[in-house]
Each structure stands twice: as C-alpha cells, then as structure tokens.
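Both complexes below contain chain A, partnered by chain B and then by chain C.
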Partner chain A sequence: MNYFADLALRLALLLNLALALNIPFRWGGRLILSQGIFVAMGAYVVAISIVRWDLHPALAVLLAGLIAVPSGWLLARIAAPLSAATFALLTFLLALAGMEILENWDSLTGGRSGIGGLHNLFLPGLNASPKMSVALVLLLLGLLFFLLARFLFQTQFGRAVRASRDDATGAELDGISVIRVERDVFILFAVHSALAGALWAFALPRVIPEYFDFAVLSLPIVLACILGGGEQPRHALLGALLVLALDEGAQRLPTTPEVRADVPLLVVGIAYVVVTLINGDSGVLSTANRFKARLRRYM
Partner chain B sequence: MIKTLLESTPDAAIFLLAAISFGMVWASRREGLFHLALGGLMICSVGLFNHAVNAGLGIPFSIGVAVITGAMLGLAVELGLYRVFRRRNVSGESFLLASFGLLIVFERVTSMSLGTMPLSLEIHRGIVERINFMGSELTAIQWKTVSVALVVFIVIAFMYIGEWGQKLNAVRQSGFLYDWRVGRSSVLLAGVSLISGAIAALGGVLYHLQHRIVIERAAMAYIVPAFVVVLSAESVGGLVASLVPPHRHSAKIDRGLRVGLYLLMAFLLAILTQVVTRVLEPEWKNVILLGVTLLVLRFGTVGRRERLPAGVTP
Partner chain C sequence: MRKPVVQLEDFTLLREGIPLFNPLSLTIDAGQTISVLGENGVGKTTLLNQLAGLRRPGIQYRGRCSVLASATNKKAVESAWMGVMLIRQMPTSYKRLTVLDQVLLSTMKPYSLWASVSISVRKSRMDTRQRAMNALDEMGLANEAATLVEHLSLGQRRCLALASVRVRLESGHLQLLMLDEPMSGLDESRRLIFNQVLRDVAARGCATMVAEHLGISQSPLGETAITLQAYSGEAL
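This part shows the complex of A and B:
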C-alpha cells in the first residue's frame, strides 16, 4: 500500500510539474532548468509559515502561490533580452545557485537539515494515508491546471504565446506584446510549480534541499516535456507517464547495491541523448506518427 | 593583497584551462555551442587517471592516459552527436539538452566505476608540500598547475591569432561558405573537439591533484566557471571592440583580445570567489557566478535575441 501511495505521489507531482513547464517550454520556446527552485520556494514557504509562524495550512499554500508571482515576473524580466539557449543555461546556473542558498542560509532554510514538523494532511471523509491524501490533492491541482491549459491553448493568449515563439517580430507587428505574453507565461509557470511544491511539502518527512536538486527534480521534468513532444497539455501528461515508467524500469534493473543510486539518473541521461539524437525535440508522439506514416506507405 | 592575488592563481589557472576548452567549441557555432558534456568527459578522464595511478603507472604517464582519453571522448562527442546536429541544423537548445544528457551519462558512469563519492585520490604527499613565496603558501602541484595553464594559454593564444583562429572564425560565421571556399569544416571541428577534450582533461586532472578528492558533482563544478568566463570575456571583448574606430579594426586583434580576456576574466573570477569565500564562511561560489553572469548578460551583447522585443532596453 505504501508503494502505491509513493507511486501516486510521484505521478501527481510529475504531472503537475510537466504541465507547468509545458507552457513556457513547448508553447513559448523557453526552456527552464530551474523548476526545482520554484518547487522549493513553495515547499519552504509552507514549512516556514506553518512551523515558525503557526499559519493555517490553507493560508500557507496560498502564500506560497502569491510569493511565486514576483519571482515569475523577475524571471520574465531576466529572460526578455536573452536568446533561448542562453536563457536555458542561465536557469541552470540559477538552479545551482538556488541549491547553494537552500543549503547555506541556515537561519532561513535550516541548512542541510531543513525544516521538519509539518502536520500530516488528511482529507475529510476519505480513509486515505497522508501521502495518498497529498497525491489526491496534487492530482486535483493538476486537473485544474490541465483544464486551464486546454482552455488557454485555444484562446487568443495561447495563440499569442505560440506566435511569440515562432516569430517574435511578426507577432509584435501583429500587435502582440511579446514581453507581456512572456511575463504572464512565467508567472503562470512559477505559481503552478510553487503550489505543487507547497502541497508536496506535506508529504515530506522534512523539507530539505536534497529533494529539490536539479538532477533529481528538474531534469526528469524537462525530459517529460521532450518525450511528450507536442504543445498540447496531453503531451505533457504522456511525457510524465513515460518518465515515471522509465524511472520505475531503471529501479528494477538488476544491479549491485553500490551502483543502484546511479542507475535512474544514468537512464535519464541516456534518454536525453537518444531522444534528441533521434528526433531533435519533437517527442515520442511525433516519432510514432512518422513511423505510422511510413508503415502506411509500405502497406 | 599580494597574498590573495597569489593564492587565487591556482583557481584562476583551472578556470582558464576550463574556459579555453569550453570557449573553443563555443566559438564553433554562430549562436554559441554550450558544450556542457566537456565537464563529463573531464570527470571520465579523471576516473581513468585514478585507475591508472592505482595500477602503478606513475603520475606523468597517468596524466597522459587522461589527456588522451579526454581528446578521444571529445572527438567521439563531435562525430557521434554534434556533427549529426549540425547536419540537421537543430536549435541551440537541442545541442544544450543532448550535451546535458552526455554530462550526466559520463558523470554517472565515472561514479559507478570509482565507487562511493567523495573519493580521496591516493597520491603521494610530495606534491602537496607547501612552498612559501611572498607570504603565500602554495603547494608544488599548484605552481605546476599555474605554469601548465600559462603554457597552454600562450600556445592557444597564438593559434587563435594565427590561421587556425581565422579558420575557426570563418566556420563560426558560415560552415557552408567555409566548405565551399576553404576546405572541410568537419575536419577543423573534429580537431577543435580533440584539442578541447585534451585541455579539459588536463585541467580536470590538475584540479583533482590539487584537491586530492573527487566530489559527487565535480563535472558541473568544473564546467560552470568555464562558461561564465567565456560569456564575460566575449561580452567585454565585444564592448572593447566596439570602442575601436572602424579604420583601426582588425580581426586578428579582435581574436587576440578575446582570448586575452579569458585570462583576465579567469583571474578576476578566481579573486572574487577567493575573497567572498574568506568573508562569508560557507561556499557561495555558484551564487557569485550567477551574479557575474547576470551582470555580464545585462550589459554585454552576448547571448541576446536576434531582435529585441519592444519594451526591452538594448
């Protein structure tokens, strides 16, 4: 039972984070490698406000979402003049620097030992374990953002984001403010990531920096978006499921105990190379469609 | 003051070696190529160096093994990955993602082969003997690192100023035109990757000989200052070149200036990290690097969009 609760929690988190990254990355063409820091922001805000300030959990989660708004705005300001690859690299540096802050700013974050003592989350009327309860709430959050993304995809905003990615000059000539569109996209990304982190914190024994490490959290999410391939929110969900399957498979590989911890990350690394080599960043669905088209030609 | 300057030189030497190797591959693409896999092949070379030392090959021979490994891996990355990407004309992000993947693969494979991290290198204590010079206490291996870095820098600077640098610049501007008018760009790029891998491996081994410990994220720790130095040097180089009157402008001086700035920026960055680490107790290296990068990207011209959107100040 504990295994299924763990699996549900990981799936719910992955789905949320892949959905959050899908909008700036696949719609807007802006790769962000520091998502873990936004998740950490949410988790730490919740931990600090509940444990140190004795705030109500619902208010703490709300506060985490609110604090993410200026950080998303700031990220958009930084991204505005930069090319996509340079911005991606900068976010990588941001991820590393963010981890350093989490580990070294003892008075705020509790350093490497982090912050503990969060209450368990129980859903009223449901006989679910605390982890399963968090997973269910995260799935609900994911569903809300999924519906929002599906709605936004067809609206003028969704088209403006994609137009800004494909041809920023053309989009501006058409009256779209690329800067404003990017700002909104980054704020949406930051808020969703922080809310997911805030809820996830309730399932953690302690909120420690290790959970938000670049390689552990951000890299698999980017992989999910690459594997999913397309712009639609369902592609992000497919990518998240594939990454989870990949991770589960990697953990079941027959290895010695000494190297067991390295294998999942090694598999992620290989997947990055293989997927980009085979198909650029067009994803699994696109490869499957191409394969189907070729098959039809021969049949 | 002089003591701080002198004690920053070993770090500056490592930053310089990493920046030279990163900068070469970076300069092979017009928009820049973020060859993060360089950190991975460096750590692989260090892994092999460790095995060679343990097998009793001796330090000079083991360094040779590591350098050859780095060069071969660099070449393999170019032929197996980047050449395919160049042919397909993929985006800079795809290069970055694949390079990241390789960085992780190399890092994990090395971690698996070396066992538990952090790993202490079994090197005899003679090389860490302290030599007192003008109030600073640097070890023998640190002085050797500085000398090697200077030699490599001088050789590479002459290469950049000469015909090789001109060719590399031409490929950067247009590989297609280079193939048409000069020769095969693929051969030049293969050579660049080979040299870059060898220098990265050399820098990595010297760094690990100084510290005698291989940490979990050594590959990332090695490559991050490299791209900060390269971005800063390119930005400052661009600004300085823009101040030169057009009739005095020379491509040769321009190339020389940029590679010279690698040395200056590596040194400044090393001093900055040294000073901040002394003032603030814990390690804030990446925060400093982020601050420098933000500053450079804000005021420089490198890494910018081709056309800035309305509302963004140039």
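This part shows the complex of A and C:
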C-alpha cells in the first residue's frame, strides 16, 4: 500500500511540474533549469510558516503561491534581454545558487537538516494515508492546471506566447508585448511550481535541500517535457508518465547498491538521447507516429 | 480638418551619422496610397521600420516625423495598437502556429493572460473565427487553415499576411498599412487579389505606403510615387 502511495505521489508531482514547465519551455521557448528552486520555495514557505509561525496549513499554501508571483515576475525581467540559450544557462546557475542558499542559510532553512514537524494532511471523509491524501490533492491541482492550460492554448494568450517564441519582432508588429506575455508565463510557472512544492511538503518527513537538487527534480522534468514532444498539455503528461515508467523500470535493474541511485537518471538520459537522435526535439509521440507510418508502408 | 496619417518634414535616416537618403518631405492622408521607390540599400525598408516603431541599433533620424499625429518614438507594440501595420519583405511567420491561429492573432484581441480568461473574449470567439476563415477563403488559403505556417511557400505566406490585413481592417484596427516589396513571390492571380485588397484598404480610409523595387516593365502600385535618392552630401 505504501508503495502505491509513493508511486501516486511521485506521479502527481511529476505531472504538475511537467505541466508547469511546459508553458514557458514548449510554448514560450524558454528552458528553465531551476524549477527545483521554485518547488523548494513553496515547500519551505509552508514549512516555515506552519512550524515557526503556526499558520493554518491552507493559508500557508496560499502564501507559498503568493510569494511565487514576484519571483516569476523577477524571472521575466531577467529573461527579457537574454537569448534562450543564455537564459537557460542563467537558470542553471540560479539552481546552483539556490541550493547553496538552502544548504547554508541555517537560520532560515535549517541548513542540510532542513525543517521537520509538518502536520500530516488528512482529507475529510476519505480513509487515505497522509501520503495518498497529498497525492490526491496534487492530482486535483494538476487537473485544474491541465484544464487551464488546455483552455489557454486556444486563446489569444496561448497564441501570443507561441508567436513570441517563433518571431519576436513579428509579434511586436502584431501588437503583442513580448515582455508582458513572458511575465504572465513566468508567473504562471512559478505559482504552479510553488503550489506543487507547498503541497508536496506535507508528504515529506522533513523538508531538506536534497529533494530539490537539480539532478533529482529539475532535470527529469525537463526530460519529460522533451520526451513528451509537442506543445499541448497532454504531451507534457505523456512525458511525465514516460519518465516515471523509465524510472520505475530502471530501479528494478540488477545493479549494485552503490550505483542504484544513479541508474534511473541514466536510463531516462539514454531514452532522451535515443528519441532526440531519431526525431530532434519532437518527442516520443512524433517518433511513434513516424514508426507507425513506416510500418504501414511496409505492410 | 483631419490630420494627415503620416507627415515627414526634411526627414532622413542616419546610419552611424551618415544620412541614407536626401531629406524628404511628404504627407500621406487617409485613403491615400503612396509608393516609395529607390535602389537597393537606399533605406526604404529602414524608413518603413522606423514608421512602424521598429528600432534598429545605430539608426537615428533627422527632421520632423509624425505617424497618426504622434511623434515617431512609439514602440512597435504601441504603433500596432494605434492602427499601424507593417508587412515585411519576409512576412511574419509564426512557424509552429497553424495558418488560422496566425490570422486570429490579427484580430487585436487582448493578449494578456487575464483578458484571455475573461468571458468577454470567449463570447466573441466564434464570430472572430468566422471572420478569420472568411479572410483565408478570400486568399485561397481556407484549405490550409489547420496547416502549420512553416509548411507554406513564400507566396502563400504573403497571402496569409494579406488575410491578416483583411482581418485587421474588419476589426477597425487599421489606419496605416505599410508593405515592403509585397509583389515578389506572387503569381498573377494572387497579384489581382493583392490589388483588390489595396483598393479595399483605401476605400475604408486607410493610408498605404508600399516600398517597391521596380522592374523595367512595372508601374508603381500607389497613386503617387516618391523616389528616395541616395544621400550624396557630407556627413551631418
């Protein structure tokens, strides 16, 4: 039972984070390598405000979402004059700097030992474990953002984000303020990531920095978005499912305990290289379609 | 009395302090179509960019210039919302958008997240879509509505740009249309459509500026033609 709760929790978190990254990355062409820091922001805000300030859990989650707004705005200001590649590199540095802060600002974050003592989350009327409860709430959050993303994709905003990516000068000539569009995109990304982190914190024994490490959290999400392929929210979900499946499969490979922790990332990395070599950044769905078309030709 | 749409007085553009063309004085009124002629590199494109609010590093201007009664220091976004539209020599192509989506962007509905979510935008969606489809139909692109723009030929992209003109015109968001060498890449039938769009634009009281590089047998598209002369004097 505990295994399924763990799996559901990982799935819910991955789905949320892949959906959050999909908008700036696949719609807007802005790769963000520091998503873990935004998730950490949400988790730490919840931990600090509940454990130290005795805030109500619902208000703590709300506070985490609100604090993410200026951080998303700041990210948009940073991105404005930068090319996509420079911006991606900068977010990587931001991820490293963020980890340093989490590990070394003892008075705020509790350093490497982090912050513990969060109340367990129980859903009223449901006989679910705290982990499963968090997974269900996360899935609900994911569903809300999935529906929002699906709606936005077909609105002027969704078109404007994708237009700004394809031809920024043309977009300006069409009356699209690329800076404002990016601001909205980054705020949406930051709020969703922080809310997911805030809810996830309730399922953690302690909120410690290593959960938010680049290789552990941010990189698999980037790979999920790439493997998913397209721009539509469903592609992000597909990518997240694929990464989870690869991860689960990799953990069952016969390896020594010393290397077991690194195997899942290695397997996901190999899958990424294979799909990219076959089909550029068009993802696994497009690759599958190409194979299908080729098979049809032979049959 | 209505103010002119474009007014230039002793206007020239400078690249690193050197004027591109001899100072120019020009007035374009509503409904008027003017051709801007000149050799390659004389500054036709730079002039249109400047009027549309596209700034290029190292380009400055001398003289007086106003577009829609406001000084030419507006950004491209502000100019677009005032009713200025520029179709560049390589027309805007949002490669990963569908043809219909690119035309829908020209309806000048708000682009912000909050406005998109609002009910008012949703209410008028079907009407907007129909207008966009009509414009595509007129340009012979209705069958390509779901095609990605990256799969269109250059000629089709020019027609797509004309469909956007049509939609902007219908939405009432067009006061000044500027086209940079619009005829290249168009076949005969599409040239006829193009001329029809230009006539409609003028009939609706919009001003048009067309930058052209004329061949021997061609005549300018505008009712008036001005020729930019390469600057031959000293640096200012």
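Quick note on the criterion: the second predicted complex is superposed on the first by the 294 of 299 C-alpha atoms of A that agree within 3 Å, B and C clash if a C-alpha of one lies under 4 Å from a C-alpha of the other, contacts with A are read in each partner's own complex, and residues count from 1 in each chain.
Everything below uses one rule, namely that a residue touches a chain if its C-beta (ideal position, glycine included) is under 8 Å from a C-beta of that chain, and two chains touch if they have at least 3 such contacts.
Everything quoted here is computed from the prediction, not taken from an experiment.
Within the superposed three-chain model, A:A88 lies in touch with chain B and out of touch with chain C [touch as defined at top].
One of chain B and chain C touches more residues of chain A, and that partner is B. In the overlay built on the shared chain, the residue A:L152 is in contact with chain C alone; chain B does not reach it. Contacts of A:A271 after superposition: chain B is touched, whereas chain C is not reached.
In the superposition on chain A, contact of A:L96 is made with chain B only, not with chain C. By the touch criterion defined above, A:A215 lies against chain B but remains apart from chain C after alignment on the C-alpha atoms of chain A. Judged by the touch definition given at the top, the superposed model places A:L144 against neither chain B nor chain C. Once the two complexes are laid over each other on the shared chain, residue contacts for A:T169 go to chain B and to chain C alike. Contacts of A:S177 after superposition on the shared chain: both chain B and chain C are touched.
According to the touch criterion, the shared surface of chain A, contacted by chain B in one complex and chain C in the other, consists of residues 169, 172, 177.
Looking at the complex, you find that chain B touches chain A at residues 31-32, 34, 81, 84-85, 88, 90-98, 100-105, 107-109, 111-112, 115-116, 220, 224, 227-228, 282-287, 289-290, 293-294, 297, 302-312, 314.
Interface of chain A with chain B (complex): residues 31, 78, 80-90, 93-94, 96-97, 99-101, 103-104, 168-169, 172, 177-179, 215, 219, 222, 226, 258-259, 262-263, 265-266, 268-273, 276-277, 280-281.
Residues 52-54, 75-77, 80-81, 85-86, 88, 92-97, 101-102, 104-117, 121, 164 of chain C touch chain A in their complex. Considering their complex, residues 151-152, 155-160, 162-163, 165-167, 169-177, 180-181, 184-185, 187-188, 231 of chain A touch chain C.
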